[in-house]
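In the part that follows, the structures are each spelled out as structure tokens.
Two complexes come next, and they have one chain in common, chain A, joined by chain B in the first and chain C in the second.
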Partner chain A sequence: MLKILKYSFYDLVRSRWSLIYFAFYITLGFVLLFLNNDISKSVITLMNIIIVLTPLIATLLGIMYYYNSREFIELLLAHPMKRSAIFIGQYLGLSISLSISLILGLGIPFLIYGVLISTVIFDFLTLILVGTFLNFIFVALAYNIALSNENKIKGFGYAILLWLFLAVIYDGLLLTLLVVFDDYPLEKTALMGSVLNPIDLSRILILLKLDISALMGYTGAIFKNFFGNSMGMLMAFAILLVWVVLPVGRIVQIAKRKDF
Partner chain B sequence: MSLNFKHCVTVAIILLLLWSVVVTNAKTIDVCKLCDHTTIRSGVEFASSGDTITIHQGVYKENELIINKPLTLIGKKESILDGEKKGNILLIDANYVNIMGLTFINVGSSYTEDFAAIKLRKTKYCRIENNFLDNVFFGIVLEKSRQALIKGNQIKSNAKDEFNSGNGIHLWYCQNITIDSNALYNLRDGIYLEFVDSSTITRNISKNNLRYGLHFMFSNYDVYSNNLFQNNGAGVAVMFSKHIQMFQNTFTKNWGVASYGLLLKEINDAEISHNVFEENTIGINVEGTNRINYFANDFKSNGWAVKIHGGCYLNNFKQNNFLYNTFDISYNGKMNDNTFDNNYWSNYTGYDLNKDQIGDVPFRPVKLFSYVVNKTPETIILLRSLFIDLINVSEKVSPIFTPDNLIDNQPLMNIYRDKN
Partner chain C sequence: MIKIENIHKKFGKVEVLKGVDLHIGTPGIHAILGPNGSGKTTLIKSILGLVIPDKGSIKINGNNISHQWKYRKNIDYLPQIAQFPNNLKVSELLNLIKDLRNQNTRDQDLIKLFELTPFLNKKLGHLSGGTRQKVNIVLAFMCDSPLMILDEPTTGLDPLSTIHLKELLKTATKNGKTILITSHIMSFVEENADEIVFLMDGKIYFKGSTATLKKNTGMNNLEAAIAELLKENHA
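Coming up: the complex of A and B.
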């Protein structure tokens, strides 16, 4: 597995897409800091980008990488090695290379602008950590879709739909639910609803650090109580971890039985 | 010439006589463990009008000590009046009483009476300066007093519940009072004014109080400026009052379930200018106010900068800076004739083609999402999600839910700063 991981990792790191992705983040980081010149405000803008774009790019690259390396996979399958090793190796290679693009791409400009000595270092770390989690989650989801769909067009379609659902439609549904059932006590529902979606969960984790004053309001206090203490924080990350483990488990399951 | 000289001499002699009368009459009485007077009470009883009592180092167990003649009480280092949790400590019933540099501790608490460290009743021209009050129920209470000066005092307590805690400086039916440079911590209300007119409150620090940093009830023609209100239940509450002027105060970190920087309820004809509201859950909460001018205030990083409920007329927001608030304005009820012109909004995305520093596109400070959150508070959890941004944009393009005449027609392109 390590060999495959190493191979796909090097392959990806040298590829055009990783470089473009890396270049995108590094430009973004510098431009944001140049325009704002204030690290804490840049972190807010960055949050909007990370929770929307990171999942999208991870999904698309995941799908693309699987379809592109299909022949290579078939070649590997002819060799005496465990099936799960091939897929997990590739999955990890892709996720890690994407995460490194993210970490370095944003880390370098912020380091140069002195994030280490600013007060937002923890906000920034949360942001990077959440971004990394989103990479792992959405690459895994993309692999699931790709493994279940031989048809490339269908695969891409589903992948984009998945992203659209989790990033936009889900919130719309949740909002409708909350507004329609206005008369009932809905704090718990709202909490559950947002915890179940990795993008929402990531957003709230960062929000709690940035928009504290608004969240401290009437119902905000309940969310703050839940996520604000270390238990809630741990639980949030545990749920993110579950979002990684479950799709990866399914990759292994499908890979075992799949007919190539 | 000679006549003039004569006059001068007469005047000088009269002055000299007066001075000698004053000097001979006003004496200084020392109170200490080894002095003639070992308790303050005996010192006060011995003293006559206009005397000065110097209180030296030591702990003096005093309560319900009444001062009924003009006296000056001066505390030397570590002169402590211990009330032993039994009622009031000092009761002042005379004019021209000065209390300076004393330490008061352990005031009794009660559910029916306002026990205080220093209580002034129907006095004029009293001065309470540079005292230190700790573990009090009420700190300094003034009833039906006038022309008093309360300056440089530090008042602390450890209030836990609203119903069994008291206020730092409590004024009731007073006029022309000056409250300057005091520090108030961990009380119920830092400063409480009820039926207090023509008074000024300046340079005070009010922190960590349970309810309000400063509280006006039925008080008119007062000014407060250059104060700091931090981490209170609400910074300042102004209720049922008229003609209050609020300048250059700082309201910060008033966080909580129902926390405001400034709470305005049923007030008329106020001026609110050059204040800073930073990191409050709600910067200003407005309810039933008329003829208020908001000018050159900074609203920075608040949850809601301004939340307006119904029944407001002729409120003008002019040249304020709204910087990085989660919501700039939340508005309930009819627009009436309130205006929001010439402000700077950090959320403004318009342009300025003719370079007159005024944006060419009007700005709508109320977002659809703030309307939704008002209706269903739980939806706050969707803050800053992509879906919310989308509906905000679509609402901005064609307003349906938000009041369509709530517009800043001339938003500023740059942060407003006074020229002077």
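Coming up: the complex of A and C.
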């Protein structure tokens, strides 16, 4: 598995996409810091971008990488290798290279602007950690979709729908639900609803870190109560981890039965 | 060496293999022939474990291969479409496969034979179809395994490389290897194959030497004999 991981990683690190992705983050980091001239404000702006963009890029590159390497997978499968090793190796290679683009792309400008000696260092680290989790989650989801769909167009379609659903539609549905059942105590529902969507969960994690939850009223207080302590924080990361583990488990399962 | 018993495979509603029994015990070149869509590639891929049959068993040297992977140490495979990661260089791909297989290889001789030295530091994405096929052949022949499976090995090769390929096949048979080949180029098969397995509609219709096939059909060359076989079965 490590060999496959190594080669996919090298292959990806030199590909145009990783470079563009890295260049995008580094430019974004510098531009935001230059315009805001304030690290904590930049972290908030960044959050909004990371939470929507990281899943989108991870999903698209995941789907593209799988379909592009289909014949290569066939070649590898004809060698004495375990099936799961090939897929998990590729999955990790892609997730890690995307995460490195993110970590270096944002890390470099923020380091230069002195994030280490600022008060928001932990907020920034949470942001990077959450972004990394989102990479691992959405590459895994994309691999699930790609493995279940031979047809590339369908695969791309489902992947974009999945992203659209989790990033946009889900919030809309939740909000509609909250508005319709306005008269009932919905704090728990809101909490549950947000926790089940990795994008929402990531957003809340960062917002609470940034201490602007006061803007969210009573529900915000409930959230603060839940996530504010280390137990809630731990649970939130545990849920993100479950979002990684379940799809990866399914990758292994599908890979065992699939024909190439 | 290879014992296939009653394998069935369906892709969706299409039944590709309908109970194939095949025993390949002797070394030499065994050509698997058949019209398009007759199940040649599916059969080959079942032996490699790339396709998992719905029913039946495949044994190699007496061991059932279902969900195994170590037995592939003894198989070299040349896939039909030579597609590799575009960002890897030829030398890196060779190293990757050598690294994966952990076996002695003779890639240097093959690289010289197919004149691939100038391409070693080029990215695979920048190679022409024929050059890719040469890389494919080097990968398939470098490990010296006792069983070789070649799916349309002549695709895209220039005449000189085809001659080299034939020479490689000759030495391989001399060394006592078992080789399975699919090909649509009948002259290539006639010249090289020791045995012919004719597959149609997911079943084996004929298994035997070229001479027997010609005798049975009353034709004096393989192409005509195969055409006759097709006609007989359609009638």
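As a convention for this text, the second predicted complex is superposed on the first by the 255 of 260 C-alpha atoms of A that agree within 3 Å, B and C clash if a C-alpha of one lies under 4 Å from a C-alpha of the other, contacts with A are read in each partner's own complex, and residues count from 1 in each chain.
Rule of thumb we're sticking to: a contact is a pair of C-beta atoms (placed from the backbone, for glycine too) under 8 Å apart; a residue touches a chain by one contact, two chains touch by 3 or more.
Since this is a predicted model, take the numbers as computed values, not measurements.
> Go through the superposed model and pick first if A:Ala190 touches only chain B, second if only chain C, both, or neither.
After superposition on chain A, A:Ala190 lies in contact with chain B alone.
> See if chain A has more residues touched by chain B or by chain C, and give me that chain.
Larger number of chain A residues touched: B.
> Tell me the contact category for A:Leu178 with respect to chain B and chain C: first, second, both or neither.
A:Leu178 contacts chain B only, not chain C.
> Which holds for A:Ala167: it touches chain B only (first), chain C only (second), both, or neither?
A:Ala167 sits against chain B, while chain C stays out of touch.
> Counting only touches as set out at the top, which of chain B and chain C does A:Asp123 meet: first, second, both, neither?
In the superposition, A:Asp123 touches no partner, neither chain B nor chain C.
> Under the definition above, what is the set of chain C residues touching chain A in their complex?
Residues of chain C touching chain A: 11, 45, 48-52, 67, 69-73, 75, 77, 79, 81-88, 92, 96-97, 99-101, 139.
> If you look only at chain A, which of its residues touch chain C in the complex?
3, 7, 10-12, 14-15, 68-72, 74-83, 256-260
> Sort out for me which residues of chain B touch chain A in the complex.
Interface residues on the chain B side: 255-259, 279-282, 301-304, 324, 326-327, 372, 375-390.
> Give every residue of chain A touching chain B within the complex, in rising order.
Those in contact with chain B are residues 41, 47-48, 51-52, 167-169, 171-172, 174-175, 178-179, 182, 186-187, 189-191, 193-194, 199-200, 203-204, 207, 211-221, 223.
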